[in-house]
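Each of the two complexes below includes subunit A, the first together with subunit B, the second together with subunit C.
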Partner chain A sequence: MLNSFLGVLFFMGMLSGVWFSIHSDSWLGVWVGLELNLVCFIPLMIQGDSMSSEPSVKYFLVQACASFLLLFSGASLMNYKEGMKMLILISLLLKLGAAPFYVWYLWVGDSLKWLQFLVLSTVQKIAPLVLLFFSGVNKGGEILIYLSIIMSGLIGGVGGINEVSLRKLLVFSSLNHMGWMMMPLVSENEFWFIYFLFYCLMITMTIWILSLLKLYYLNQMFSVSVSWANKLTLMMTFFSLGGLPPLLGFFPKLVVIESSVGSPMVLNLSFMIMMSVITLFYYLRMGLSVLMLNHLKIKSNLMFFKKFSVTIILLVTLLGAETSTFLFQSFLQ
Partner chain B sequence: MFSFMFLVAFLVFFLVFKHVLSSLISLEFLVLAMFMLLSLFPLSSSMEMYTSFFFISIVVCEAALGLSLVILWVRKKGNDLFTSF
Partner chain C sequence: MMKTMSILLLMMMKPTKLMNSLCLLTFMFIFLSFLIKHDQEWFLFYSSLSSDTLSFSLICLSTLIMILMIMSSTSNTNITYRAMYFSLLLNSLLMCLFLTFSTLNIIMFYIMFEASLIPTFMLILGWGNQPERSQAGIYMMVYTVTASLPLLIIFLMWSNKIGSASLHILYTYDSNWLTSSLWAFILVLAFSVKLPTYLVHVWLPKAHVEAPVAGSMILAAILLKLGGYGLLRMISKTSNLMAPIIPLLISWSLAGGAMIALLCVFQNDIKMLIALSSVAHMAMVMSGSLTLSLWGTNGAQFIMIGHGFCSSALFCVANMTYERLNSRSFFAIKGMQVILPVMSMAWFMLCTSNMASPPSLNLLGEMNSITAIFSWTYFLSLPLTIMVFLAAAYSLFLFSQSQHGKLSLKTQSISPATPREWLILFLHWMPLNLLFLNPCSIQLFILPYNL
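Let's look at the complex of A and B:
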């Protein structure tokens, strides 16, 4: 849909809604931006799926409810300070799709095509995360944010073990990464945004390959139309999502670990590390069966990469961690 | 008093319904509670109703969007029950 005029209009409207919400002074402006974001994203969601509106209705109801909660808590903040801080936190976590408010994200994410899933996972998370950082809820609502970090890590790790739908797997991995992202956010360290940018890059690369090959379920990866080179690149992107060095996804986790080690978040951090090992388990399990067992014998020819973009994706995944250490030296002390 | 109205509206919104249209109606009840909170409090204290324009226009857009989504649902599935396959 992005080829047409309306597609560009709605996409720009979505981005301007995010922009307006981030830069506004009052809670009303925040709400206006979030509503604009919602209203412009829904047509993009409907377009890809032969006019099936079921994920759109679920998404719309949940997000509208969360926006109204946010506006209500913003409007009543002067009178009921502590309770409303908790309510702001609840509504922003509901908008994010973090645990314990993740069920809508599972339902909606499982019914979308890859492009809409990508926009849902990256662009729609910018505004709630920035609002979480700037609304100052880490003074008042610590118990809920720590609970959300731990539950996101746990559910993102353990929930993906029995999944065959690739979209649901990426939803669970997104949950785990949300937990990791909220750790520097709570400690008021600005690195969470760089983690978010790295996560957007990694998941864009993964979804690019998956939408090129039109794979939606795990058993489709065994078909003969997927050459070995494409499978290798896909597995590299999954491993970088799981956080294996020397791939791209290791660097943000390293910086979060290094910055949280001295602080009281150490217990939290060790739990998150254990949970991300579990996510690595299901990526590795996927990679084992895809890379090593061939269901149909594939004759791999010497012309490895027919598409240039797949080469770029492999290069960024393999070499990205080294180059980004030079760029972000200041965070590594 | 208006926050009590909001809480009741929120409760009504997420109690389980059969029809999608009823959850849209309860969303409008939420909007009504919010409208009272946003425009009647400043009116009673400082004679200002300026922000209600913004609020109402955006809420109307959202309600129209919700209604068109329900229409798509009904066209695809034949009824607007939540549990239809």
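Let's look at the complex of A and C:
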């Protein structure tokens, strides 16, 4: 992605599109930023796998629709039509790939390389989330957001149960995490940002180790034969995504629960917690294959490596929550 | 403080052989023994780490059991092949347990309570034998996590209300009957899955059967006690919430215990029987601590310690038999008295301790618990009678079915018990029966409301 001049140019364009859209005063500026972001991301998607342009076409169509809807409803908002706010929210949710509008995310995500997938699930979410935060969802748009939270949690939890493609699994897990991220949005506090940061960290760690091991499907996990430390790292990143307590992924969940525990959000929260237990189930299933020490090994696919990056991933996952507890100590008293 | 810190630092070390790990843990245990002279009150070792009799006895128990676990695993080639990972896992598990038992912060308690699942999960999956161990591991994880996440919400709600997460100033207001009962139920449910109580016990026999011997030992000896520890700590603080649902909970646990005890008699798998018998024992812990009396609390404490030694030893001796006969079934293990008379004596002593015969600590615990429950209501005499009777029945069944009878034809040449195995069983049996003589070293003198 960053190994050619054009790649760097497009990457910078993508980032500046995000920057432009979250800093602009009007919906027109937002639209310009989002379009810039989209136009620069498309070549990067094709760069990953030049044989197939199908995911980029799908991505372009969906995002262009969403941008147009945003422009149309943003322009109409000047006439004080409050109903347009719903359209804005819908277009942002479509950009984000949150639950009722998640199908494109599943298709596009499943056919990308790991690096492009990482960008799709981190950088491309910054702008829609920030805009959702700024567009005042708690003044008129709560029902839509609640619906989206609950559907994201449900689909993210249940959808991944019978899935073997790791990219689809990560899409479902990111749906579930998006539900968690949108919960503080409703009560308009900034904890969604902490959740988003930690989610980015977790998914980066997971994709890092998965791309080191070149894994794309669940059944490949049995065939790679790597050292136990690497297996442990892989397992820990999955557990961390599932939000098991001492690991990195638990901390943002703790923060979100803490922030919404006194409000009527508790019911919603309980639902999301149950759904994240379901996601934990499929993370466990991913981990099972790597954690079994004695099983039949296929000798043809031996991989021996021990890289420094693996140690970093393990350390961040294991000690991240403890470190961040010290950093954000005011939450925990 | 330095003593405790040095213990925690020792756990960070990376032993490459099981023997190194054993020496390390023994060293830690000797360090801990300097702390034995404690004043039965709260003893603060570091900002939010502290201990009283309840937690200190469980910390000592977990260190000792960890030593015995490593000793009993040295015969397993599967474990000695990956000894470093194994001892790393055990050390991290011990660290989690140490922090769970000694922390005063409820959020920290919750985090460490859950954290102990991960090493256990790896222990079951990594070193188990049958492919069914994946199912057992997932059952364990999903059951425990599902039940304990609502607990986190409640803890955070309370710490939000009072602005502090300290265990000592847990303030539980009851806004109305329904929500307070719901909270109390969620609180108990999280610990009763860990304990486990009847209806939510399904994960336990599976996990025990599939785990390697070290996994079964730590599960029976310490991880079940996490639930009991949590109950004893939390119930005393939340007695105002608990009051309306205590009759329901006590009936649930005792009736469940009686049914599980009945189920034990029908087992044909040794490990399954021992696992289910620990479920039956834990019913007594739960109902004893729910009576909110000094006698009940003490009974729960004694049963917890006694059962920790007893069931761990039973799993150990079952594994020794398994290593010789490669079977856990009663149909294959018969007439062991003829070929292993020495081990038969160990079986006898442990089975009698399991059915709470004198002079085992289980007897003292059951005496205390039964007294407390009887003084709470006489109506519970029926399930209690069934439980106590069936405890004797299944323990004797376990002994006589495996030790008496005709030898099966396959068992021809069997190695005799080694000194290592003797040492393990002796180190289990000795504290179990010697603590009967000096129960005040683990007795809780303070009122349950201040626990």
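By definition in this document, the second predicted complex is superposed on the first by the 313 of 333 C-alpha atoms of A that agree within 3 Å, B and C clash if a C-alpha of one lies under 4 Å from a C-alpha of the other, contacts with A are read in each partner's own complex, and residues count from 1 in each chain.
Note that in this section a residue touches a chain if its C-beta (ideal position, glycine included) is under 8 Å from a C-beta of that chain, and two chains touch if they have at least 3 such contacts.
Here the structure is a predicted model, which means the values were calculated and not measured.
J.: Given the alignment on subunit A, is it a clash or a fit between subunit B and subunit C?
T.: With subunit A aligned, subunit B clears subunit C, so fit.
J.: Just subunit B (first), just subunit C (second), both, or neither: which does A:Val266 touch?
T.: So A:Val266 only meets subunit C here.
J.: Considering only touches as defined above, state whether A:Phe134 meets subunit B (first), subunit C (second), both or neither.
T.: After superposing on A, A:Phe134 lies clear of both subunit B and subunit C.
J.: Which partner chains sit in contact with A:Glu258 here, subunit B, subunit C, both or neither? Use first/second/both/neither.
T.: After superposing on A, A:Glu258 lies in contact with subunit C but is clear of subunit B.
J.: Compare subunit B and subunit C by how many residues of subunit A each one touches, and report the one with more.
T.: Of subunit B and subunit C, C contacts more residues of subunit A.
J.: Could you look at A:Ala75 and tell me whether it touches subunit B, subunit C, both or neither (first, second, both, neither)?
T.: first
J.: Based on the superposed arrangement, let me know which partner A:Tyr217 touches: subunit B (first), subunit C (second), both, or neither?
T.: In the superposed model, A:Tyr217 contacts neither subunit B nor subunit C.
J.: Is A:Trp228 in contact with subunit B, with subunit C, with both, or with neither (first, second, both, neither)?
T.: A:Trp228: touches subunit C, not subunit B.
J.: Angle at subunit A between subunit B and subunit C: what is it in degrees to the nearest 10, using CA centres?
T.: In the superposed arrangement it comes to 160 degrees.
J.: Subunit B and subunit C, closest CA-CA distance after overlay, in Å?
T.: Between subunit B and subunit C, the shortest C-alpha distance works out to 38 Å.
J.: What residues on subunit A touch subunit B, complex-wise?
T.: Within the complex, subunit A touches subunit B at residues 28, 32, 35-36, 38-39, 42, 46, 51-54, 56-57, 60-61, 64-65, 68-69, 71-72, 75-76, 80.
J.: Considering only the defined contacts, which subunit B positions touch subunit A in the complex?
T.: 3, 6, 10, 13-14, 20, 23, 27, 30-31, 33-34, 37-38, 51, 54-55, 58, 61-62, 65-66, 69-70, 72-73, 75-76
J.: Using the touch definition from the top, list the residues of subunit A that touch subunit C in their complex.
T.: That would be residues 228, 235, 239, 244-246, 250, 254, 257-258, 261-262, 266, 269-270, 273-274, 276-277, 280-281, 284-285, 288, 291-295, 321, 332-333 of subunit A.
J.: Considering only the defined contacts, which subunit C positions touch subunit A in the complex?
T.: Those residues of subunit C that touch subunit A are 78, 82, 85, 96, 107, 110-115, 117-118, 121-122, 125-127, 129, 131, 133-134, 137-138, 141-142, 145-146, 149-150, 152-153, 156-157, 159-160, 163-165.
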